[in-house]
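Per-chain residue numbering starts at 1, and chain names A, B and C are given in the order in which the chains are listed.
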């Protein structure tokens, strides 16, 4: 029984009220808004829009790979521009921006019980700089020579040479400028996310009472703040190499029989800087997904997340370890071979906390009361694809196994499964989960199930067989797989099959977008807490929450975020802001 | 990459120290209702803006640590030919130290509520910082007049890059200082002015520290120091 | 029900695909069957984990799906179970890592009797250089590259004079003899990759990288570039022919040395 005793009555919040900026016009309310929720929607919409561009690019690439020679307009130059922009957009402008800028902005203040981010003005600037970065990126499609075709890793020297599309045109310059802008914009947002979690928590919201979503986004943001400077440094130095003729990354080079002016630079220095950012980046995308999926599973299985403490420690541990594994992307880069021993070891160590997280998700299902709602379906699909992609990571992280597999389709399959498909499935699950809070209406169930099945099974059928192409030795970043002795006839058929699957999965996303727009008006009314969840964002007085989130008084937090199916409680959930205590029927061993 | 790893180790140390005070070992499901007991854990007593600036400085520190790492990695190659340090840099360093002292005075004055002294301190700090920037530009001109151009060899490129990056950060600081000064002259609320001046002071001292580190790096002392440390270790 | 079934089907389908599909690695033609064995170990361990996790999940979804009146159990944590799982995982990871590191130390330590062969990558072709009778390769510098000296061999280095230069043509190697491939590029990153040999390594302009292997089968093998090197990247094929000793010597006899290649030019300038 939950009994509210006078002893539990705590005086009203002593937290100093923050001054909110009160918008006076439509412009300051919906466009130049300082409300984190509006900024979140702006971030999400922009990220989705640019993500659709990347999706179309992936179709074009699959057209070429699946049906070589059929589509003349996909020249080698165009193909390389497609892969580059697809990769860069998906990793940075979609996944990073959507998880941190979108979900971070929406959920952090609501979940920690704050009225808004701590620096709302800086937060607004963050979005507008992000938008500028996206526009600069898009402008490169229209620049002379087109966007850069250097691959998303932008490895010098080729990234700034004539043999690469955009290398001596505007493409690479616009790419680098756009990244620099993105990093500046992100740093502004990131400061907000971190300091809001540190300083904006409402009364009673100790760190160990935070939902794992907040833990995931918080840790990812801290990592991003420390990792993005590496990309910044690499971009600035490459920009100087390209625009002012310095030689940070450019050794003596003979290009097409001509000696270039450069000399003395180190291409491998760029790789170190890039991957010092690039590997944490993987976890910057993965940790928010870990956090969100924990909450989805717990809520929809009506059971507390199993091993909450382990989950928190694992998030922090993974975050810290991910800074000492970067060179596992460089086993065959020609760096000192003895680094391989160190980085293989650290890489495989990181598998342990990651595995613990997986065990805890499935153990949360054990003896749960599993509601197979759409968010739950996406969470289950996430576990399948994440386990699959994570395990193939053990191939690539284990230095000698990486030797035959690196730079093959195996790598492409691995990272799409683990940091493409898996986090995006979480994003979908999260959208189905929180859409009722954002709009007040549910997404359409039938369209949702259609979207789920096509996306999950389609994506699995795309990327699972692709590993085996890599095992055959098919290299990545080839627009032509003809004239290769290792490519059998059946392998070409497999490629066509993968392409057809890719079009189907892409089509399902259009259905999803339609659902998103249609349900704003026509969805079923959701009420304040349709999933009967415990966390604070579901306890707001209005749905969608008004500016300031919580009405007159901030909520006071009395319990952790996972009081589901508490023995003796009247309902199978107790929101975090409900006072009162109960004696747990048994203390776990 | 050792410099950045050491830097991150320090950050990890601070984070670890903070986390160790957050009772991460507790079993949150056993602690209901006792919100009152946790007030001290909720948040730091420091003003939020200071914590925000602290996080930002960690990011800036990370940036310069990475530049330093890159510098050392490139320096390790055999064809490294550092350029001579223009003597003017000594003078510039002195000016920047003065700037820090001035802003420290402003900060102390703000604590005592002496608005006139605050204004004097801010103006001195701003002017000296400007002089520093101009001095750096003159040093650049001297170097290029002597034929040490940006693109002529990697050591030169690093020299211009590091000093340029530091200069840009000073420039950004001047914008913040400008806003604080506007407040100081237009009679901002003493509490606000004090916070604002203190934030500038943090930033100024940090950039002075960064400059001293860069100076040591460019002059070659940093690598000597590291060699000595390495010698002691092995 | 359907969800649990699909999860089971995913596991069964993936395992069947693994064993029955025609897509598998090319027959090995080098000594690196150690690497193949490590991959097999990894497949087994990871495959078992994948099947176990997904099947367990399928069981949970089937057994604990929501029905009217169900209530979930209340179990915040179970330290013993978690500790056990951690230990088991650590053991599994060690079982992957140890053979991996063992083979890696073989991979990076070149046997002393390996012959050196230099590979030079450029956009978008492969050239090769073999040490001449002195068994030593001459030094090289990208700055010395020109039309007559495509590999940038330093002309004043006596060791380089008898080096055999194979410009943009097939490389021949004798079967059964370890070779140390010295990899060099004169423009961008490339990666010398023969799927049948399993080994590969990037080539970086400005430095020399290496790997070694022993060809174990005669035949013709295709060289692929495995590091994006500009728009001609997928066309950058080459050929390695692994010959018997006699065939190899016959081929070698037909090749020109650096001195021979640069001789006409010197005569021309003397006139």
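The working rule: a residue touches a chain if its C-beta (ideal position, glycine included) is under 8 Å from a C-beta of that chain, and two chains touch if they have at least 3 such contacts.
These figures come from a predicted structure and were not determined experimentally.
Asks: Quick check for the class: compute each chain's Cα centroid; which one is farthest from the centroid of subunit B?
Replies: If we average the C-alpha coordinates per chain, C ends up farthest from subunit B.
Asks: Across the interfaces A-B and A-C, which one involves more C-beta pairs in contact?
Replies: Top pair by contacting C-beta pairs is A-C.
Asks: Whose Cα centre is nearest the centre of all Cα atoms in view?
Replies: A
Asks: Once you find the CA centre of subunit B and the CA centre of subunit C, what distance in Å lies between them?
Replies: 45
Asks: Would you mind pulling out the distance in Å between where the CA atoms of subunit A average out and where those of subunit C do?
Replies: Subunit A and subunit C have C-alpha centres separated by 31 Å.
Asks: Where in subunit C do residues touch at least two different other chains?
Replies: Within subunit C, residues 76-77 contact more than one other chain.
Asks: At which residue positions does subunit A touch at least two other chains?
Replies: In subunit A, 265-266, 304, 308-309, 562, 584 touch at least two other chains.
Asks: When you check subunit B against every other chain, which residues touch at least two of them?
Replies: As it turns out, subunit B has residues touching two or more other chains at 27, 29.
Asks: Name, in rising order, each residue of subunit B that touches subunit A in their complex.
Replies: 1, 4-5, 8, 11-12, 15, 19, 22-33, 35-36, 38-39, 41-44, 48, 51-52, 55-56, 58-59, 62-63, 66-67, 70, 73-74, 77, 79, 150-151, 153-154, 157-158, 161, 165
Asks: Using the touch definition up top, name the residues of subunit C that touch subunit A in the complex.
Replies: 3, 6-7, 10, 14, 17, 21-26, 32, 34-35, 38-39, 42, 45-46, 49-50, 53-54, 56-57, 60-61, 64-66, 70-82, 85-86, 89-90, 93, 96-97, 100-101, 103-105, 107-108, 122-124, 141-143, 145-147, 152, 183, 186-189, 191, 193, 195-196, 198-207, 209, 211, 221-222, 224-235, 237
Asks: Spell out the part of subunit A that touches subunit C in their complex, as residue ranges.
Replies: 76-77, 80, 149-151, 153, 155, 157-158, 161, 163-165, 167, 251-257, 259, 263, 265-268, 301-304, 306-310, 332-334, 337-338, 340-341, 344-345, 348-349, 351-352, 355-356, 358-360, 362-363, 365-372, 377, 380, 383-384, 387-388, 391-392, 394-395, 398-401, 403-404, 406-408, 457, 460, 464-465, 468-469, 471-473, 475, 477-481, 483-486, 488, 490-491, 494, 562, 564-567, 572, 584-585, 588-589
Asks: Of all residues in subunit A, which touch subunit B in the complex?
Replies: Of all residues in subunit A, those touching subunit B are 8, 10, 14-15, 118-119, 187, 190-191, 194-195, 198-201, 203-209, 222, 225-226, 229-230, 232-233, 236-237, 240, 244-248, 261, 264-266, 269, 272-273, 276, 304, 308-309, 312-313, 316, 320, 323-324, 556-560, 562-563, 579-582, 584, 587.
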